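Got a structure here, written out as structure tokens. Questions coming.
So that you can tell them apart, the chains are marked A, B, C, D, E and F in the order they are listed, and the count of residues begins at 1 in each.
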Amino acid sequence: MKPFLALVKRDLTLGLRRKSQIYQPLVFQLLVVTMFPLALGSGAKTLALIAPAVIWILALLASLLTLDQIFKNDYDDGSVESYVLTSYPLPMSVMAKVLAHWLLSGLPLVLFSPIIGVLLHLPASSYGILMLSLLIGTPMFSFMGSIGSALTMSLKHGGLLLTILVMPLLTPVLIFGASAVVESSLGNSASQPLLLLSGLLILSITLIPFAAAAAIKINLE
Amino acid sequence: MKPFLALVKRDLTLGLRRKSQIYQPLVFQLLVVTMFPLALGSGAKTLALIAPAVIWILALLASLLTLDQIFKNDYDDGSVESYVLTSYPLPMSVMAKVLAHWLLSGLPLVLFSPIIGVLLHLPASSYGILMLSLLIGTPMFSFMGSIGSALTMSLKHGGLLLTILVMPLLTPVLIFGASAVVESSLGNSASQPLLLLSGLLILSITLIPFAAAAAIKINLE
Amino acid sequence: MSEFFNMGGYAFYVWTSIGLFFLAMLIDFISLSMKEKSVKRNILSFLRRKKNNK
Amino acid sequence: MPIITAQDISCQRGNFLLFKPVSFSLDFGQSLLISGPNGIGKTTVLESIAGLRGLQQGRLSFKDQDLSKFKDDWFENSLYIGHKTGNKKELSCLENLRSFLQIQGIEVSETQAEDALESVGLAGYEYQMAGSLSAGQKKRLALARLLLVKFSVWILDEPFVNLDVSGCDWLLGILDNHIKNKGILIITAHDNKTIKEKVTSELILESVGL
Amino acid sequence: MPIITAQDISCQRGNFLLFKPVSFSLDFGQSLLISGPNGIGKTTVLESIAGLRGLQQGRLSFKDQDLSKFKDDWFENSLYIGHKTGNKKELSCLENLRSFLQIQGIEVSETQAEDALESVGLAGYEYQMAGSLSAGQKKRLALARLLLVKFSVWILDEPFVNLDVSGCDWLLGILDNHIKNKGILIITAHDNKTIKEKVTSELILESVGL
Amino acid sequence: MTKSYRRNDGKLNMHKQRTNALLRFYHKLGSPPSFYRISGYFLKWLLLIAIGLTIWGMYDGLVLAPADYQQGDSFRIIYVHVPAAWMSMFIYGIMGVCGAIAIIWRMKMAEAVMLASAPIGAWFTFIALVTGSLWGKPMWGTWWEWDARMTSELILLFLYIGIMATYSAFSEDSRKAARMAALIAVVGVFNVVIIHYSVQWWSSIHQGSTVSLMGKQHITWDMLRPLLVMAFATKFYYGYSMLKRARIYLLETESHKRWVQDIITEKKS
């Protein structure tokens, strides 16, 4: 087995074994969605108005909760050495880690989003665009998170610092993603924001693994 | 110095030294608040409508981010033994930990809330009630969090589990807190929800230290 | 007969509800017996391990 | 009548008994070395004795009181230092030492604490954060507590680990002193011949067959 | 020409040089014990040699190539096991061992891995999660890697810690074998006389005076 | 010192008084081996009765009962929705009680019953939510409404999930896990009550009058009978599922004991 596949497989095994990593972000989303109507105290109209924003912000927050674990875990128990102290290119290992993280945390968010939509009274016509936009957007959470996690892995309380580092970088994703859903819920075409989102994704795939690899190297020094 | 005071002092020193524990929840709040207008893509009216809900939900989420550290830190480095293996009553030590946590994370949220209010166009008349309701409500976050943290301290990835355990328990606080602000922003009297909130707080102070102490004991077994 | 399945136009809602009800019970039932099997298998293998070690 | 008695105690981990039940009794001035191969349950039994976890079977008593019921007296007389040292990495060595003792209700002056740090070889590290100490220095910081508490029972899990040669000698001296002063010591250690000669009794844990 | 040469290397922690610059060179079949008191910088220098951190001063080369520039060859020939063992607590022993090797690009069959576990004394623990092992067992699991890699350079930081007597003997045997087979060993250890006799050279780190 | 002796004496006297047959039965149930044996007799019957009642209830409810004059045939969802909703609360009540017993008296059987109840309780909650939602669409034109009862039912589901997550997070040490989960269950009981009233209080001041959800309509016996039958059917299935899980829990946690090993090897040979 190639080191790339071995790393993906190891992380998937770990994730499936912990389980919590998969279903807890979903439950978190559900919980916060429940809080909204409770705290708002008003009818369905406001809810539908803010639904796209809330869904996207929650997807972001839910991924943020697991982002710090991309590398922190491996740093804490020392297993980061298994892919740093090897001649296999580090950016490829970063790719593998990001892929595994997305499969475990991003994909479930995409698949789960219609339920959140129902709870927030999102118009039925927008579900397709909602899922599509999340499908393009969530991988970027994992990519950006890999930089943040690589930078904060040696800190004990890096989680919040990571949030602060990563969130501003993710605002474009959030803006395009949410606006795609807003447009489609208003009956307009959502192709422009979706195209921009895809552009960002391609950029992330080509550049970020190198940045994250550099961050790991710096952090270990 | 009494063990109670010694524990509070130690935790305050730690918190002030880590700093991040104090300012990161505030920055987190600020960041998410800025996301809302971006993702909503609409005017001030919607914002003002959802302001009380968003402020309270964010206060809850921001505290949740630090709740797991109440006991987890002490468990990880073994210093939990310093107050478990002693004849000083454990519920008192829990009290001390909760007090320190609130001073470090809850109080700043209370003091910071007017700024968030301004950003979300909250009507000027409600700031007093906003701060008052947070002042009564945020200690309960720390109290409930102490149970959750005691339960999850031995887990490596307890943060999300804690969220799931604690959030349902905090819904009443959220409902009463937010509705106090909503009422006052509509020009009504907010005394009823505030009274209910105070009742919950008194209940928490008297019962929760015992529950958290039990949780610690069980977890250490 | 088809009238029965049609449920006065509410077929989707009624049959999905009832279907989910039985599906959930079935999953519960199956997971129970699978769990029982695996627990027993684990204990047996442990007993064998101990016997061999002796 | 011995001060500490253990009758047929054993511990469990994940539904299995770890070792054959053992009994021992200790009086003032006596010491016990618990030994056995890796994974037999030494750490587990020490934690149970210290009061961090319950016993699976058997009875442990201190001054004729059952420890599963009356723990206060025991907590006021015993000190446990385990694999995890219990130092806070964001506190300096001095703060670590003093706050640990204060939480236990023991008040020491700053000079006393500084003297203790000096004698464990951490002079000059008083204001360094515990997180940036080396492995052996962390252990030394934890052991400094021994110098300042007046507890009669010391429970130590592999205290020699990570210490250098002079550190081991220092610790041996301290332990010796404690026993001579009518203290009680319960300890685990691998591969340290010298401690074997020092203790008054040794308990070898054996695995349970089926 | 020796395979590994270090010229006047030293490391820094928080703005201070830790120890007087040292030099050494190692050829196949040679071994080096790095010793010195607690906190002198042994762990730090091992991490630098392994490639986890940079050197503060001096030059380290492997097969005549400067290690600060060309690391691939070095990474393909060296294995580092430090204070942190690098086991994932949610993976079983078998999975831990195999996935570590696969990530390094080494493929071993399940039976090979099982045999390695058996010879480190973890037979019967193949499917137990690494998180629920005892301190010594965790160390053994990490050391099992030594049996399966073909790397010529081993860099071990206090590998004897937490091992019981038979574990230490086993490890000594393995190290002996490695050196006999023309391997290279860089190791730190406190208080283990036997290893001092086994190694071909010893490097004692000394603190820099002011 | 003397205190502890007196305690022991007290205990001895207690033992002598335990001659009551009912009490003896209770204590037998409290011991794992006899619980395992006794529950073995019930299992098959519980399942058979549950299946029989379900067939009756479904036939009665879907075929025999007349359509509602207002809701038409969609009202038939009642025969799964309401029994499931009732069970979701009933089971949580049981878990709260058993959780308290498990924490205070450390009784193993209470742990077993509490843990064994969680998955099936979560399923019933899930069914109540989904079927309610499926009912809401044709009736109110929306899948979901943030009304008091529905909100607290949703939060009940979260509590169930929290309890199960706690248990599985500590799966390495099942007894510890059980007591942790028990603590959540107990705290949760208070909370369900508080949430229910707080949500009711909250929605009553903001929304004029919500859709009258479960208003007291006159229900004929023909419609009521299948409902009651299904209510019993779910109770019996709960009995089966819970007992079986409790037995598995006992096997797992007592696997080092003689009686478990006897049972296992005996079944095999």
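Quick note on the criterion: a contact is a pair of C-beta atoms (placed from the backbone, for glycine too) under 8 Å apart; a residue touches a chain by one contact, two chains touch by 3 or more.
Values in this document were obtained by computation on a predicted structure and should not be read as measured data.
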| item | value |
| --- | --- |
| Best-connected chain pair, where connection means C-beta pairs in contact | A-B |
| Chain separated most widely from subunit A, comparing mean CA positions | D |
| Whole-Å gap separating subunit C and subunit F, where each centre is the average of the chain's CA atoms | 17 |
| Chain centre separation (subunit B, subunit C; CA means) in Å | 41 |
| Centre-to-centre distance between subunit B and subunit A (centres being mean Cα positions), rounded to whole Å | 25 |
| Euclidean distance of C-alpha centroids - subunit A vs subunit D, Å | 46 |
| Sequence positions of subunit F contacting 2 or more other chains | 155, 158, 161, 165, 169, 172-173, 199, 202, 206, 252, 255 |
| Interface hub residues of subunit D, defined as touching at least two other chains | 13-14, 83, 89 |
| Residues within subunit C bordering two or more other chains | 47, 53 |
| Subunit F residues within the subunit C interface of the complex | 58, 62-63, 67, 72-74, 76-77, 79-81, 84, 119-120, 123, 126-127, 130-131, 134-135, 137-138, 237, 241, 244-245, 247-248, 251-252, 255, 260-261, 264-265, 267-268 |
| Complex interface listing, subunit B residues touching subunit F | 147, 151-152, 154-155, 158, 161, 164-165, 167-169, 171-172, 175-176, 179, 196, 200, 211, 214-215, 218-219, 221 |
| Subunit F residues touching subunit D - in the complex, by the definition given at the top | 1, 4, 172-174, 252-256 |
| Residues of subunit A touching subunit F in the complex | 19-20, 23-24, 27, 30-31, 34, 37-38, 41-44, 118-119, 121 |
| Residue numbers on subunit E that touch subunit A, as the complex places them | 50-54, 71-73, 75-76, 78-80, 82-91, 95, 99-100, 102-105, 107 |
